Every structure is written in structure tokens, then in C-alpha cells.
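To keep things simple, chains are lettered A, B and C as they appear, and every chain counts its residues starting from 1.
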Amino acid sequence: MVKKIGGRIYLGIIFLFLYLPILVLLILSFNNSKSRVAWGGFTAKWYVSMFQNDTIMDAFAMTLKITLTASILATIIGTLAAIGIQAMRRRGKAILIGATNIPLLNADIVTGISMMLLFVRFTKLGFSTVLIAHLTFDIPYVILNVLPKLNQASRSAYEAALDLGATPFYAFYKIVWPDIRPGVFSGFLMAITMSLDDFSITYFTKGPGVNTLSTMLYTELRKGIKPEMYALSALLFGIALALLLIMNYRSSKKNDINN
Amino acid sequence: MPKELIHLSHITKSYETAVILDDLDLHIRENEFMTLLGPSGCGKTTTLRLLGGFETPDAGQIFFDGTDITSLPPNERKLNTVFQKYALFTHMSIAENIAFGLKISKKSKTYIDDKIKYALKLVNLEGYEKRSVDSLSGGQQQRIAIARAIVNEPKVLLLDEPLGALDLKLRQDMQYELIRLKEELGITFVYVTHDQEEALTMSDTIVVMNQGYIQQIGTPEDIYNEPANAFVADFIGESNIIDGRMLQDRLVEFLGVQITCVDTGFGQNQPVDVVIRPEDVELSDPANGFMEGDVISTIFKGVHYEIEVHANGYDWLVHTTKMFPVGAHVGIHVIPFNIHIMNKPESNDEKAVESDV
Amino acid sequence: MYKWKRQFLSGPYVVWIAGFIILPILTIFYYGITDSSGSFTLANIFAIAEPIHMKALLLSLKLALLCTAFCLILSYPLAMILNNLHLKQQSFVVFIFVLPMWMNFMLRILAWQLLLSNNGILNTILEGLGMPKLQLLNTPSAVVFGMVYDFLPFMILPIYNAMGRIQRDVVDAARDLGASELQVFLKIILPLTISGVISGIIMVFVPALTSFVISNLLGGGKVLLIGNVIEQEFMQNMDWNMGSGLSIVLMIFVVASMAFMNAHGSEEGGGAVW
């Protein structure tokens, strides 16, 4: 019993540690004072004025554009790649999985710099170079989420479908896809999370004039953080929380039905 | 009769709202091969886990050799368990798996090495010391799980559906292996299964359980030939279970005919279940039976034919070595000794049983 | 026949690997072993021996080791506690630890800047308790703190996953064979989770060793890590050859630490841990 209570307290401390900064940011987003340390009363005005701030809105739009484009493309390329990798012989498989691990394990700063060095030889840094960089570190997350599901998927069911006259595409859609869909989906979510949270790689591969929320914050650090940024981040966090909770609820309901 | 080794006394156990065991009382004797038999959810595995010490009862006591072990943790009990899915330690070699318990009890290295050799020989896997768990087949893994348990020289070996994951042929081989092992080791086996054939083949005593209650305890012959109620009759082998009425001692009426039987003491005009084994039904000329019917299906099963006969509104299941074609008009006869009369369920316990059948 | 076709599906990715994973690494190697005129030199790599670079590298190693150690110490018991909750939805745990990432990383670190500052909440609490104020911000400790905060999920999740894969039967079997709770932990749980611990260590140590943003924000320019040195070479000094040379050194450390952990891991996983 003591052990149980101790465990709960420990859990509580860790969650406080993880979520305390988020709480601080939420409070700041409602603070009617530009000061970061004094409470100036409650206001929601930053949630309005953020839409009028062009710098923030541009960075926000760029962040969304890069995150969504990169994660959607990464999901497509990554899923196809995973299907191909699974069909390969041992050697090819090992080489490709090894290469897939490079962007995950290599230092972000080295990944960012090495891509920048390559890109400046051929083109100007800008939206497309950031997109390529994001795709490069997003695809591995998709592959690593899809591959285990593919390995679990029943090979004989797929072959049975072919045997019953299905085309490979139809058999894939009807038999394999339902099995790997959760993996594709969680890979997509991981890609979004990683793209949204990335700073280092974007920082090195972006050109002048291209700014995501992270890189904008970094360059404006010395000028001080605009309170609208707190509001925008809090809003994004709220939306993400709501979406993830709904999905979690729905998947747990589905599980209950299956059980 | 060998002396009593374990006594489960008035055990009750529930999870959240579901009652798994209700006032269970069970005696296990030394050197006995006891099988807990029943459908899933009947409480047999919970009983085994209580014996192993992985669960504690809500009420009741467990005695081992006269001592109360109800709250003793598993590592201090003189029983060892063979788990359903083997539960081998995949990060250790076969030898290390078998040596696990011996090293914990600080046996000498030569003792341990001898024991490993002995145990591997006992389960017919000599020379497997260095192999990894993953390189073994299911049947081999199960043998190692048994070896790992028996090297500790437990007084009782608990086996939780150990053959459930094996294919039919292997399962039959392992049944004989287990009987041989039990004879060589001279210890008590408590065996959990839902497979009636396994239970009948190996056991000295079978405990038939359903919904947390013991339905019948007896030798395989008792259980098969004299099932205590319709549930046991149906669960152990196949049976024709027919609604009937006991008119008086030695006279029962069912399906519109009155038949002589050997049972007495049911009173007069009492509703009963009439249970007749398929192999006890004799088919003959229509004139020679106590009722007439038509064959509606015939399946060749190797040793016998499985025949269904529709007679007086009931589909009889019959096992016979003689062939009767579909559509044949036949007479049905059963000798009085093979007509088993059972009380209709009255108590709540038994009602629960019936709903499950 | 269809099997051959299926392999082609990874075609785009193979091209991607060649173009955007392999080629960039070759490029950084090229810059690292040439000077600004394009002729071969090892000076950029040996530049790590310069005192200021060496100092930054050693400090990075020290802070990364500390960060990894703290993450491990915090995560292992946490993973055990989480595992003992026997949650039906293991994905919920992942959810809890990944969710903070949806709040901008930079802002979360800035929030810690506020919390740790001289007039921040932590010091206010200390003051209220009658204790002296602590200089928390702009110290190596603050940097380690921020790293632990940022990388903790990467330690917890692999350990938690490894623990979830241990079947209850296996623990029961060990208990049944006479092992006490401590012996179960030492002989079963620990060896079976060591692979999770190792991937956790790699996933925390490498980013901690190479981080430059956290040291910038929480170190206040006073904590110079090897990542900061490389960033400055590229963004301020515009010395790409020097920056690449130092990056190669950093990569050598990354690869070496992974090789070390993997070698260690396979040895432990082999089962000779009695």
C-alpha cells in the first residue's frame, strides 16, 4: 500500500515536471501584461491580436504548410517503402533499415548542416529545402511504425485473396491495409509531431525569409517574446489535445467492442 | 489410501464483481494425479493459481501437509508450476533455465550440473544444455518447462493446460510421457485442462468444475459411467439428455414411452433428466426396439459409425459398428443398466450449471 | 512475379536515401577534409584539439553523461510504476509523454527559463521557505535540467515498452522457482529490459551530446557546448570547413557511443549475466 502511494506521488511529480512549463505558458497567454513575471489580470486579447500580427501569421502558415506537406508525403513514401522493404531479401532489408536509422540516430545539428552543405551547391535555400529536410527525418518514423504491422499482417490471408481471384491491388486494399492502417496512422502522427517540434534541422536548411514558429522565436529571442506567441501555442496545444483525446476515446471504444 | 497432502478449505475468490470460486472444498492426496476439468471460466486455473501462491483467496484456507500456507508467497511453497505458455526465460540458455531454482536455493555446482543432466534425460532432451529457448519447438519448450520445475524436487507439480498449445499427435505422446514422469518421480500432479480425453487418459482423480462449483469428484471410470448430473454427462463425452418423468422406482417415462430402469429413490412422478451414452444405444429391427425411428444421417468415424436417428420427436445420437443407411427405419433399444436417471437441477448452483449447458 | 514488383515500391525511398541521407554525409566529409581553396587537409578535424574546442567537447560529454544518467534514474522506476498500473491502453502512456511536444519546444524551454530565473517561481518558493536564493539559470546545471526535461520521454518509452513485453507468466515462473522479489528484479526484469535501456541511452545521449539550443537558452551564452561551437562556425564565422571538421568529430563520438552500447547490449542480452 505504501509502495502504491509512493508510486502515485512519484508519477505526480514527473507529470508536474513534464507539464509545468505548459501550465506556465497557458497562464502567460491569458496575462494582461507584456511582462513575463508579473500578473496583470486576465485577458483573452492575445488570442485576438495574434491574427492581426503578420509575422506570426506568416510563420504559422509556413509551419502548417511544411508540417502537413512533409507528413503527408512522408506517409505515402514511407508506407510504400515499408511494403517494398518487407518483400525484400534479408540483405537488402538490413541495408535499408540501417539507412533508415541514420536520420533518427544521427545528431540533428549534423543532419541539418550536412543537408545545407549539399543544398547550397545546387539551389537556394528556401521552402523546398526545408521540406526535403523534414521529409528526410519524417519518413523513417513512418517506416518504423508501419514495418512491424506489416510483419504481423497475415501473409497467408493476402495469398488466399490472390488465390480467390483478387488483383494484388485489391487484395492489398482489402486484406493488408486494414492490418497496417493503425501503423500508418501512428507514423503520420509521429511525423506531424516531429515536424512541428523541429528546430535544429529547419534552422540550418531554411533560407532568409522562410520562418517557422520555432525559427522565428529563435531569431526574435533578444527582442523578447510576443505574448501572441503564447496564445497561438496554447491554441495549437488545445487543438492537439482535443484531437488526440477524441482519437484515443474512439480507439478505446473500438477496443471495447472488439473485446 | 495415501495420506492427504493438500486441503483447500472453503475457498472463495472473486474478481471485481465476478465470483470465480464459491466455497470450494477440495482434498488432494499424496502421489495422486488429480485433474481439474471444466470449460473456460469454471475456476480451474484460479484454483491452481491459489495453490501456486499467485493469488490469495478472499475467504478460506489452504493447508499443505497440515500447515496453513494461505498467505505464503510462491517462492516459499514446496510446489512448482508448469505454465500454459511455458514461460521460459528467453534470455537464458536451456541449462540456465533448468538451473534457475537450484541456483536460488544455493546448490553446489556439481549438484546442479548432475540435476540438469538428469532432468534433460528424463524429458528426452539430452545434450540440449547450450541451446537457446527460441531454437526449440513448442513440444520441446514444454519439456524444458517441466524439467525446470521438477529439478527442484517439489512435492506437488502444478500443470496449467500444459499441452494446450501442442498439436494432436504431440499431445497424445506427451500424455504418456507425463504418466511415465509421474510414476518415476512419485509426486503429486495437479493438472488443469478443458480436454476431457486428456483428463480420462491420465488422471487418478478427476474434479469436474463449472462456474466456480465442483460438479463431481471421482475416478475417470466413475465420472464417465456415472456422471452426477447432466452437465458432467454432457461435458465428459457426448450424451443423449432427454427430459423424462420418474413414475416410480425402476420405471421412467420419456418421449412417450415407459421404460424399465435400475434407479430408485427419486419418488413418484418426478421430472428428471434421462442420460444415455451414444454407444449404449442399440439399433435393430423396428419391432425389437422400445421406439421406432428413421436414420437421418450416417457418418463413418473409423472405429464406429455416428448415426442420428429421429424418433418420437428427439434426434438420438448413436455410436455403432453396424452401418445403417440414411432413411432406414430402425428400432431403438437401451438396456436398463445404461439408462442413467438424474435429478433436474433444483438449487441455484445447479441452475447456473444448466444455463451453461 | 508480384513479389519482385512489390520491392519496387521502395524505389522512391532508395533514391531518397542516396540523395538526402548518403550524399549530405559525403558532402560534410568533403568539406571537413578540405580547406577553403578545396585542397586536402586534416587541420579542420585536428582543430578539435584547440583548447576552446576541447573544453566544449569535454563539457558536452560531461553534461550529456549526466543528463543520460538522470534520465535513466528517473525513468526506470517510472516505467515500473507505469507497468504496474496494468493499463489496458498502453498507447495512453505514449500519448502522455508525446503530448508536450505539441507545445512549441522553444517556448517550453523558455518557460523553464522563467521558472528557474532569479525572480522565478522556484526561487520565490525557496524564499518563502526562508532558504537562500539559488543561482539556477545560466549554469551547466540548468542546461542539464533542460536536457533531462526535453529528452526524458525518449528514455521512458523504450524501457516501458520492454517492460510491457515481459509476460506475467515469466515473473510468476521465477517466483514459483523460489526467487524473491529482489531476485526476480535482478535476474528477470533487468536482463529482459536491458535492450530498452540501451536504446533509451542512445536516444538520450546522442541529442544531449549534440544539442545547442538548450545550452543557448538556459546557459545564457555562458555554457559553450560543442554544438554551440559548430553552430557559430557556420552561422557567425562562416567557416564551413572548420564547422564540418568538428561535425565529423562529433559524428565519430556518436557512432562510437552507439557501437559501444550495442556491443555491450548484445553481450548482456546473450544471457551470461549470472
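Here is the rule we go by: contacts are C-beta pairs under 8 Å (C-beta built on N, C-alpha and C of every residue); 3 or more make two chains touch, one makes a residue touch a chain.
These numbers were taken from a predicted model, which means no experiment stands behind them.
Leaving out subunit B only, the rest of the assembly stays one piece through touching. Each chain's centre was taken as the mean of its CA atoms, and the one lying most distant from subunit C is B. Annotation: 54 Å between the Cα-based centres of subunit A and subunit B.
Subunit A and subunit C have Cα centroids separated by 18 Å. Within the complex formed with subunit C, the subunit A residues making contact are 7, 10-11, 14-15, 17-22, 24-25, 28, 36-37, 77-78, 80-88, 92, 96, 99-100, 102-103, 105-111, 113-118, 121, 132-133, 135-136, 139, 143, 162, 168, 193, 196-197, 199-200, 204, 213-214, 217-218, 221, 225, 229-230, 233-234, 236-237, 240-241, 244, 248, 251-252, 255. By the touch rule above, subunit C contacts subunit A in their complex via residues 2-3, 5-14, 16-17, 20-25, 27-28, 31, 74, 77-78, 81-82, 84, 88-89, 91-92, 95-112, 114-115, 117, 119-121, 149, 152, 202-203, 206-207, 209-213, 217, 227, 230-231, 234, 240, 243-244, 247, 250-251, 254, 258. If you check the complex, the residues on subunit C that touch subunit B are 167, 169-170, 172-180, 183, 187-188, 191-192, 269, 271, 273-274.
Those residues of subunit B lying in contact with subunit C across their complex are 52-54, 73-77, 79-81, 83-85, 87-93, 96, 100-101, 103-105, 132, 145, 148-149, 152.
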